[in-house]
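Going by the order they are written in, the chains are A, B, C and D; count residues from 1 in each one.
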Amino acid sequence: MLHFDSDYMEGAHPRILEALCRDNGSQHVGYGLDGICGEAKDRIRKACGTPDAEVWFLVGGTQTNRTVIDSTLRPYEGVVAAESGHISVHEAGAIESSGHKVITLPQHDGKIDAAELRDYLETFEHDENHDHMVKPGMTYISHPTEFGTLYSAGELREISGICHDHGIPLYLDGARLGYGLAADGTDVTLHTVAECCDVFYIGGTKVGALFGEAVVITHPHLIDGFFPQIKLNGALLAKGWLLGLQFNTLFTDGLYERIARNAIVQAMRIKRGFAEKGYRQLFDSPTNQQFLILDNETMDCLRKDVSFSFWEKYDDGHTVVRFATSWATKPEDVDALLQLLQHP
Amino acid sequence: MLHFDSDYMEGAHPRILEALCRDNGSQHVGYGLDGICGEAKDRIRKACGTPDAEVWFLVGGTQTNRTVIDSTLRPYEGVVAAESGHISVHEAGAIESSGHKVITLPQHDGKIDAAELRDYLETFEHDENHDHMVKPGMTYISHPTEFGTLYSAGELREISGICHDHGIPLYLDGARLGYGLAADGTDVTLHTVAECCDVFYIGGTKVGALFGEAVVITHPHLIDGFFPQIKLNGALLAKGWLLGLQFNTLFTDGLYERIARNAIVQAMRIKRGFAEKGYRQLFDSPTNQQFLILDNETMDCLRKDVSFSFWEKYDDGHTVVRFATSWATKPEDVDALLQLLQHP
Amino acid sequence: MLHFDSDYMEGAHPRILEALCRDNGSQHVGYGLDGICGEAKDRIRKACGTPDAEVWFLVGGTQTNRTVIDSTLRPYEGVVAAESGHISVHEAGAIESSGHKVITLPQHDGKIDAAELRDYLETFEHDENHDHMVKPGMTYISHPTEFGTLYSAGELREISGICHDHGIPLYLDGARLGYGLAADGTDVTLHTVAECCDVFYIGGTKVGALFGEAVVITHPHLIDGFFPQIKLNGALLAKGWLLGLQFNTLFTDGLYERIARNAIVQAMRIKRGFAEKGYRQLFDSPTNQQFLILDNETMDCLRKDVSFSFWEKYDDGHTVVRFATSWATKPEDVDALLQLLQHP
Amino acid sequence: MLHFDSDYMEGAHPRILEALCRDNGSQHVGYGLDGICGEAKDRIRKACGTPDAEVWFLVGGTQTNRTVIDSTLRPYEGVVAAESGHISVHEAGAIESSGHKVITLPQHDGKIDAAELRDYLETFEHDENHDHMVKPGMTYISHPTEFGTLYSAGELREISGICHDHGIPLYLDGARLGYGLAADGTDVTLHTVAECCDVFYIGGTKVGALFGEAVVITHPHLIDGFFPQIKLNGALLAKGWLLGLQFNTLFTDGLYERIARNAIVQAMRIKRGFAEKGYRQLFDSPTNQQFLILDNETMDCLRKDVSFSFWEKYDDGHTVVRFATSWATKPEDVDALLQLLQHP
């Protein structure tokens, strides 16, 4: 059986396991106050070109989104996001549970549109009833988006400028950031992200780590009391050095972006393979998630040998499915998949 | 100056003031446990045809929505509403602040569509990721809607049936219920509402009272611990008998529906007056709110003598405005408005 | 039957009803943006000697406590209060429901002790685990306390100084403030309160109004976005002018303190009456609540003709009960009570 | 330098690392729906003697407490705990942040007293104001307590009986459960815990795992919708099999209790060593945490070579400190500590 269900099916990159086996017997102080975390934070600051940024390590994506957003907003503020954003749809209401509305804008291949964001913010400010409405207090974007698509550097800068014109911080969910940075043709680097965003996270869970997300607060006074807010959200790992160790490894010798590249290479092979057989994509994704429109017969046939995600019904005879690759995807698994496509 | 800004500009119906002046010096136990509240509850149960219903009195609409919805839902549930619903737009995030997502459906003249509700509920249940999504735990409708429109009895029954098929209670926001019941051509009575809804409230603030909303729980075991939940939401009035006194008066000799009728009569005069002059409506509202598309010149001219609400920009030359009447609207004020229309 | 159960059994002072009857037919804009509210705010600022204070009107005490405290605190902060404080015991968890811990200090006749407050704050700051603990973000006191007792001006100033030394605002719950100001021997005036507190409220519900509490923010930048936070807490009254009207009346010609005086006079008569018969008090209260230790036989006997509150069991043969007077207590009712004491 | 600061300074037991290295390259479905989790759950059910229990894996202790408690309680309910309970003091307000009060009872060497619990519950039920108070909806105990002490089986059964008499579930925080089970002289087994508690967790973080806590719901209908509530609390680990793998290892061949034994042996050596030198303990702890009263001179002297936790000031010349051992404490480190005691 071949598995392309998601990008978090495997464990960690071997170098992380090596480091873990090496340090497992040592003793470390708790809660991320250890030296390994310190070292990892320095590496991340350096990679981002932001020597003054705060860096924090959390365990998972929903946890990070909830903690960052609730820690930033005032009780009467909400967060603006694409209607397809992870916080809008697939976090079981984590943001609302912490007391804040997710204010949705239309999605365009998973992205928000700068002009629509500006319109929304201006309309809000001019609405004579705005004191009876949820005030936008942060803008959330994901990069890559939930549909695998990417913002250009120009788009990020425009969105960032609009947010700052309206006094609102920009937050980027980088659960799959590595795959965005490693994509062909992107002009967005880690420096671009750090330059445009007030806070963002570099996803580890999906890009080489066992678990872990590195939050970078480039605007250091954005959030006061972040430590106790991590704690009260249940997001403080006792053995915080486990997170430091993983990010320290990922940010040594450019490992993070390098291993992400494999996911892109394998995803592009899948993309081309399906295209050559005439299958259409739902989004033109340059990253590790490929959304394909399959006729139901082919889909059922493939299912016997391959696992992948159901995305949505396309029409009575067709279905959209998702194939995800990762840093750990084996080329021979993609070979086998393409072979099946040739001779289903 | 003529005022058609809203339907809560005046105080209370004179009979309420009379009752208040009569009872003001008496002593009553607190928190709605007094005899006047008991009497008022009985009158409401009788008017609804629901002898076993629980009846509670709260102070205002947003407070009632927040308290009822949060008291009913489990932490992982949200409430389904029209995107134009009051809880979706104009309660400053009260529902989210209590931890719950407002899940929006498209609005059609302010109403949700039964088929779209059914589709949404079925799609949710079949979504393989639904455990990562907010579960619909209640359906919210307003009647009249925020746009002055009304559900038919058939529509209410269909929506109610769909909710119950999916094990979800139906909640009706009746902030302006009196104006809905008094409208021409409606086939919805208080009995219909009580028959279709698991919980609803009869609005007093906008229909004759100084303040106050009567919550009717027709499905008595729907909410456990409602009293302490009213308290912790800051919604428990110390002198609860003030609420009982008002509803007791409104539900004596059919006063509630009778006084609502005036708002309808005056609103229809405004509607016809504008129509005769060729102005279009944004919605065909049979109730006390009339949404008119005015050219900006007329609007500016009227504004010198009349106050009304800005609703939204229609196009560069036109604006949608709202005229609201109430139980207290004076016919001579409408005369004067219509006069102004003739000779602006 | 004589009623001394509580101080919110009657309606409003006759002058308020007169004003209401006079203004009932007028039209006012909603949500407290009307001229009457403006006038009332000015009167309160003047009475407090704080021309720059923000003044807001809310409906009830628990609502006010919840809204003020939640609007002031950051998510990781709690509010310090006496273990007997209203927010600690009798608000059904309203503060916790909004996400904040009530951090309790011992009560001494219902009051917190300045030295214990200082010790607590210093100990917290020096605790090496304080980032894992709830940070004190506000101090709450009630004046009069829940036991009818009063702080001296010196005590208020000392507590205020300690709070400010630690960067924490002081909030005073004045549900019964009028009765505190009108007590014999107190050196606390409204000016003292305004000088010591960053925010406090002047209780209307228990002192002459139908309902209503006036929040005074003497440190005007303490709370940002208070209006939408009132709204999302369900605490925004549509017909806000009803609150303005009541406080406008109460703060005209010193009515508020003047009518409070009657409660004191009658309470002192009750106090003396019981003392003369040899009954002991649980607290030496100079205000409108008197806590008496009755033998159970006397209590049961009195109960046939008088209603009062059970407070707590004292020992097997005795019970603590509360007699409350108000601005509306009739001297002849106290006469009758004292008569019953003579000839039970 | 010797480290006795805490029991979570080391990584995982070597067998866990072996299993991780073996499975790291395999592919697993996410969120704990994999086979390893299934196997681990079965092993835990068997060890507890509860074939029908639900078992869930979460990442850390505060997260688990918050998620379990909030998922169980209704909005108007609180959780009863010792004033020294972890949820009362050291979770930065996580429980309150989720909307619930921690109702505290006195602690006796870290434990609650059954009679005081019964008194509290009965007094609450008979309080005529209980609808204005937070309703006890769950009882929380920790075993071992935060002070290293243990309940006897008789005490657990008595507390359990009282809870059930009042319709309240009993929840046991077993962050250090292994050390409780492995203590000398205890009559509490995993079966006892499962028999007495409606829900409890078996701590992995402090007893052999990298991280992870296993929640056992012995009363399976106690919590509805636990999966989405784990998600919305940010507590759902994407690679859930990492948790299954660790507990599967710990519950194979009795590893969990076996490795816990080392912590006890080493802690008892420390206890005896200090006792022999005449030092007193603050609590008579039979588990891995030893609280010692040191004169400040000795303390400062030891600090040069040993790290341990400051607990609290005892008097001007003495301080209470904590020495913690773990499954990984090396006997030679304890040798060295005892040597230092002999020749400071």
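Quick notes on this one:
In this text, contacts are C-beta pairs under 8 Å (C-beta built on N, C-alpha and C of every residue); 3 or more make two chains touch, one makes a residue touch a chain.
The model shown is predicted, which means the values in this text are computed figures rather than measured ones.
Farthest chain from chain C, judged by C-alpha centroids: A. Across A-C and A-D, it is A-D that has more C-beta pairs touching. For the pair chain A and chain B, the distance between C-alpha centroids works out to 42 Å. Note on chain placement: the centre of chain A and the centre of chain D lie 34 Å apart, centres being C-alpha means.
Between the Cα centres of chain A and chain C there is a gap of 50 Å. Within chain B, the positions touching two or more other chains are listed as 75-76, 91-93, 97, 99, 131-134, 228-229, 231-232. Across the interface of their complex, chain A is touched by residues 70-71, 74-77, 99, 131-135, 224-225, 227-229, 231-232 of chain C. On the side of chain D, the complex with chain A involves touching residues 3, 5-6, 8-12, 14, 17, 20-21, 23-30, 59-67, 91-94, 97, 205-206, 210-211, 228-229, 231-239, 242, 328. The touching residues of chain B, counted against chain A in their complex, run 75-76, 78, 89-93, 96-102, 128-129, 131-134, 310.
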